[in-house]
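Note that the chains take the letters A, B, C and D in the order they are written out, and that residue 1 is the start of every chain.
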Amino acid sequence: MKDPIENLGELIGWHDPDENRRWIRENKTRAMVDKRTTAAEAIRRFVPDGSLLAMGGFGHIRIPMALVYEIIRQRKRNLTMFGKTAVHDIDLLIGGGCVSRVEVAYAFGHELRGLSPCGRRAVESGQVQVTGEISNAGYQWRFLAAAMGVPFMPVRTMLGTDTLKHSSAKVIEDPWSGKPIALLPACYPDVALFHVHRCDMYGNAQIDGITVEDFELARAARRLVLTTEEIIPHEEIQRQPWRTVIPFYLVDAVIEVPFGAHPTEMPTVYYFDEEHIAHWLEASKTPEGTQKYFEEYVFGVPDFDAYLEKIGGKRRMEELKRIMALQPPSTEEAAL
Amino acid sequence: MTDKPRYNLTELLACVAAGLLENGRSAFVGTGFPILAAMLAQRTHAPGLLIIFEAGGIGPQVPALPISVGDSRTYYKASAASSMHEVMSASQAGYVDYGFLGGAAMDCYGNVNTTVIGEWEHPKVRLPGSGGANDVGSLTWRTIYVMRKQSPQTFVKKLDFLTTPGYLTGPGAREAAGLPAGSGPYRVITQLGVYGFDEATKRLMLLAVHPGVSVDEVQAASEFEILIPERVAVSPEPTDEQLRILREIDPQGLVIGK
Amino acid sequence: MKDPIENLGELIGWHDPDENRRWIRENKTRAMVDKRTTAAEAIRRFVPDGSLLAMGGFGHIRIPMALVYEIIRQRKRNLTMFGKTAVHDIDLLIGGGCVSRVEVAYAFGHELRGLSPCGRRAVESGQVQVTGEISNAGYQWRFLAAAMGVPFMPVRTMLGTDTLKHSSAKVIEDPWSGKPIALLPACYPDVALFHVHRCDMYGNAQIDGITVEDFELARAARRLVLTTEEIIPHEEIQRQPWRTVIPFYLVDAVIEVPFGAHPTEMPTVYYFDEEHIAHWLEASKTPEGTQKYFEEYVFGVPDFDAYLEKIGGKRRMEELKRIMALQPPSTEEAAL
Amino acid sequence: MTDKPRYNLTELLACVAAGLLENGRSAFVGTGFPILAAMLAQRTHAPGLLIIFEAGGIGPQVPALPISVGDSRTYYKASAASSMHEVMSASQAGYVDYGFLGGAAMDCYGNVNTTVIGEWEHPKVRLPGSGGANDVGSLTWRTIYVMRKQSPQTFVKKLDFLTTPGYLTGPGAREAAGLPAGSGPYRVITQLGVYGFDEATKRLMLLAVHPGVSVDEVQAASEFEILIPERVAVSPEPTDEQLRILREIDPQGLVIGK
C-alpha cells in the first residue's frame, strides 16, 4: 500500500498549508483593535454568498442564533455548511434558502427531538446537495489539522465503512506499525460563527462548560465572528489569562448579544426553549409553515432584540434561566 | 379491565443494558435510553462506572435526564467539562470501554446504517448520518446496540449504506481495515432479545430472549440468518428495586414513558 | 518519494497504538478511587530502574522537585529521560547517577543562567548517552500523537536539518500537496511526574498559568504521578469542571506537597529561588561539590519537609511568594 | 579619566533589533535580549506588536524582565496563558511574523548550530540542542538572529551540526525540504553590523555596519565570504529617548549591564 487509497467525497475547505499561511499573513491583523460591530454588519462583511460556513457550539448548544437569523434576513445564498452535528442552525438556514451544499457528520435531525422536516425535504428533493460524509470526531480532527497548519491528521476512525468511502480521507500504511491509517485533510472554513459567554472588545473570549470542537474550529476558520452574552473589560481577561479559549488575533468581529443563543442552550446561563424549538419543528413541516415562521421571527422583526420580545421577552428568558439552574418556576409564573 | 403490567419494554431493556456494564469501567453514553441504563448501573452493581459524553462531559452527577449530548446536564458536577478532542482522543487511546449506539438497520456482522435509505446519491430517506456513531463504533472497546424495532427491514442482508463499522465482512476484517484491534460490537439488544457475536464467524448470535419471546419469533424478525446456539437464556425480569430506581432517575417518564 | 525517508535517531517511547490501547485497558482503572500516597511510595512503585521518564512543567517552571529528590534518594538507575527543555530536574538526576540516556530537545543548559556543568560533564565523558535530537514543538507533538492514540503526528518543523537526521522522524510526501512532510512517532513515557496547583484525591487537577506541554504529556504517559500544592475537595472540582486540565482516570498517585516545586517557580504562587539554583550551579562544577550538595539536601534529610527547613523554611518561601507577587521584601526581612 | 560612553553595545543592538519589528505584527521572543528589544519596539514605533513566548504566554504586559520563557512574567496581564501546542500551532499556521534566535555558529545561508561542537557521537562541547529554536526557525515568517560574538569561529564555512534551518543549501532548498514557503532568516545582528540575505543566492549579505566599524573588520570576522553590496549603511545611534526607555524596562541592568 505505497499509494494512498483515495475516497469519493468532494474535498471541501482544504487549502495547501503554504497558501493558507500566506492568507493568514496578509489578512489577519495581530494588533489589538476594537472589533465591536453589529450582527448586520458582521454578516454583510464576513459571510458573502457562496461561503463555506461552520458554527461553534454543538447541536442545540451555544449556537449563534442571532447570526443565523441575520443570515436569513440578509437572504444569503449558496452557502456550503459543515454539518458538524448541525441541527437547529442548518435546519433554519436550509429553510431560509441560504444553504445549498452540506458535508455531513450529523444533519437533518434534531437528536432526541426527531428528524428535521425542512432539512430532509431539501436533501431528498435535491435542493440541497450532500458533498460527502464524515464523523463528528472526523470534523474535530480536520479542524485540528487546520489549526496546526498541517495538511492532514491521522485517525483510526471511519476505516472500513461507506462513511469513509464517501469522505475526502485517504488511507495510507502507517510507516511504523505497517497498519492502514486514515488521513483526514485539514478543513479551513471561510468563516465560523460563535456565541461565547464573555469576551473583551478585542475578541479574547472565555467559554464556560464544554468547548466541544470550538477550540480547534476557532483556529481553523479564516474568519471568526463572535457574538457574546457580555463584553467585559480587557482587565478581566488579564486577571486569569488561562481562561482565554480564543485569543483576540483569531477574531474578526465582536457583537454583544445577550441571550444570543436562544432558542438553544447557553450552558450555565439559560436552557433550551423547548416550546420554541417545537414550534419550529411543527411549522417547518410544510414550506408554507416555514415561510410563515420566517415572516414572523426573522423578516417581521428588525433585529434580535425585537425577536426576543416576540418570543416572550425578559420573562421568558428568566424562566429559561431558572430551568438551567434546576429551580422551579417563579410563583408569579406558576400563578399565570 | 386489565392490570397495568409491572414493567414496560423500555424498563426491561434498560435493566438488560445496565447489566452489561462493569464496575470500574467507562462508557460513552448518549441521551435518552443509554444514559438511563448507565445511571441504573451506577446505582446498582456499578457505582464506579465512568460516564462520558462525546461532546466533552466526563463523570457527571446527572441531575435530570439531558436532552442533548452537549446539554450542560452532561457535565453537571462532573470531574471534567472538556471537549470532543479530549474524549474522542481518550477513546482512540483505549480509555473508553463501552459505547451505546442505535441504528436504522444492521447486518449480520453488526454493521449499521444511519445515513440513507435508498441510494446515497438519490436518497429515499435521508437520515442524519454518522454523527459520533462511527467514532464510537470504531474506537471504543465494546459497542452495545439498542434497536427497539427488530424486523426483516432493520435486520437486513445488505445495508444501503455502512455508516458505522461492526465486524465489516467477518473475522479479521476490522483489523485489516486499520480499526483498533480487539474492538467491535459486543451486544445487540432488541425488543425480542439479546445478541452477541460468534467468536469464529463474527456473525450475530442469539444469547437470550426476553420473557415470553420465542426463538422462532427472533428468526422471523430478521432478513439474515441469526445463529442460534444450543442454549438460549431468558432475560431476567426487572426487580422491584431496579424499577424503583429507574422511576427515580426518570420521574417524568421522558424515556421510560408515562 | 513513495517510501518514507527514515532518520538515524533511536526510536524511544513508541508503542504500536493497539499494544498501548491494550495496556491502557488492562492497567488504568476508570474508577474514582483515593490515590493519595507518599512521594517515597509513588517513586518506589511507579519509577522502576530503567524507566522512560518525562517531567511536567518546563525548564525551571512547575517542576516536581520533591519527586526528583526522592528519585535521587532512592538511587534509581538507568533512567532514560525525555529532554523536553529539561533543565534543573535532569541536571540533578544526572548528578545523582540516575539518568543514563536522554533524548534532547533542550538539556545540559539552564537557559539564561548558563550551561550545566554537571550535565555537560556527563555527556561529554560518555557517562550519559544522547539517543537522538528533537525540538520542543517536536516533543509536544510526539506527546499529542500518543494522547490521541495515533502512531504519528505530521509536522512542518525540523525538516532539512541535522536535528531531523538525528531524530526518529520519517519524511513522506503529503498526498494532497505533494510536498514533503515530517511524521513524528508518538511518544509514550513510562511515567510522567507533575506538580500542579490543586487536585482532588482522585487526581482531577487544575493548573493556573500556561500548561506548556502538560495537557498532552499527561495523556501520553502510561503512569502519571501528581504532587500538588493542595488537595482540594472533589466538590471544588465539580463547581467548575471546565478548569480540570487532567481528569482523574489518567492519574496513578496523588501527593500533597506544599512548595513542592522549590527551587523552581510555581506560577502565581512562588518565584524561582535564584540563590538556591545558583548554589547548585556552583556546587555542581565538580563531582565532589555535587556529592556534597546531595549529602546536604537529599541524603541528609529524610523528606521534602526537612529539605524545606534546610533551605530557609517558611520565611524563605514567604519571600519567594512576595517576589512572585511583585512586592518588596517584608520590613522584617529588609531589616535582616 | 574618560567619559562614560552614552550607550553600550547591548543598547545599540536592542535599538537596531527593535527597529526591525513592525507594528501590528507578532513576534516569538525569548528571555534576555529579545524581550528587551520587543518591549522597546512596543514603547516606540510598534505599540501594536504582539509578543508571544514559546511556552504559551500571549500578549503579556511584562512587569519585569522574565528569566525563563515559561516564567509567569511571560503571561502577566496577558491576553492568554495558553500552551506550547497553542503557540507552536499558531506559528505553523502562519500567525507568527518574527522570531528571535541566537546561536553558537552560523554558516553563509543562515543555518545555525546550537547542538554540539565536534562530532555528534563524541562531542567536544555538548550544547543544549534545539529547544524551540528549530521550531521558531522553521515556522515563523522571519527569523532575526542576534550573535554578539561574530568571528571566524562563529561565522563558519561548515557547521558541526545544523540544528536550525536557515536557507539550507541555497535558493529553494527550504521549500524542497518541506519547510513553509516564503519563511526563513531575515536579519542577523552582530557586534559589528546588520546582515540580510541576498535574494538571488540566499547568502549572507552586509546591510549596515555599526558606528565606527569598517567593512574590512566585518569580513575579517568571518570564515566564509560575506556579500558586500555597493552601498552599506551605518546603524543609527540610539536616541536619548530610546536609551531612557531601555533603562526603564531594565532598571537593574540585568540585560543591558550596569
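Operating definition for what follows: a residue touches a chain if its C-beta (ideal position, glycine included) is under 8 Å from a C-beta of that chain, and two chains touch if they have at least 3 such contacts.
All values reported here derive from a predicted model rather than from experimental measurement.
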Given chain B and chain D, the chains that contact each of them: A, C
Taking contacts as defined above, which has more of them, B-C or A-B? A-B
Centre-to-centre on C-alpha atoms, which chain is most distant from chain B? D
Euclidean distance of C-alpha centroids - chain A vs chain C, Å: 38
So how far apart, in whole Å, are chain A and chain D when each is placed at the average of its C-alpha atoms? 41
Based only on mean CA positions, could you tell me how far chain A sits from chain B in angstrom? 28
Spell out, as numbers or ranges, the residues of chain D touching 2 or more other chains. 75, 81-82, 92, 139, 180
Residues of chain C that contact two or more other chains, please. 17-18, 149-150, 155-156, 179, 181, 209-211, 242
Quick check of your reading of the touch definition: is the inter-chain graph here a line, ring, star, complete or other? other
Please give all chain pairs that are in touch with each other. A-B, A-C, A-D, B-C, C-D
Residue ranges of chain B in contact with chain A within the complex: 31-32, 54-57, 63-64, 67-72, 74-75, 81-85, 88, 92, 111, 115, 120, 122-135, 138-139, 161-165, 168, 173-180
The chain D residues in contact with chain A across the complex are 23-26, 48-50, 58-59, 61, 75, 77-82, 89-95, 97, 139, 141, 180-182
Applying the document's contact rule, which stretches of chain C touch chain B when the two form their complex? 17-18, 20-25, 28-33, 146-150, 202, 204, 219, 234, 237-238, 241-242, 244, 247-249
Touching chain C in the complex: which residues of chain A? 2-4, 11, 14, 16-18, 145, 149-156, 170, 172, 174-177, 179, 181, 183, 185, 207-211, 240, 242
Residue ranges of chain A touching chain B (in the complex, touch as defined): 57-62, 83, 85, 104-109, 111-113, 115, 119-120, 123-124, 126, 130, 133-138, 140-141, 144, 155-163, 166, 171, 179-182, 209-216, 265, 267-268, 271-272, 274, 324, 326
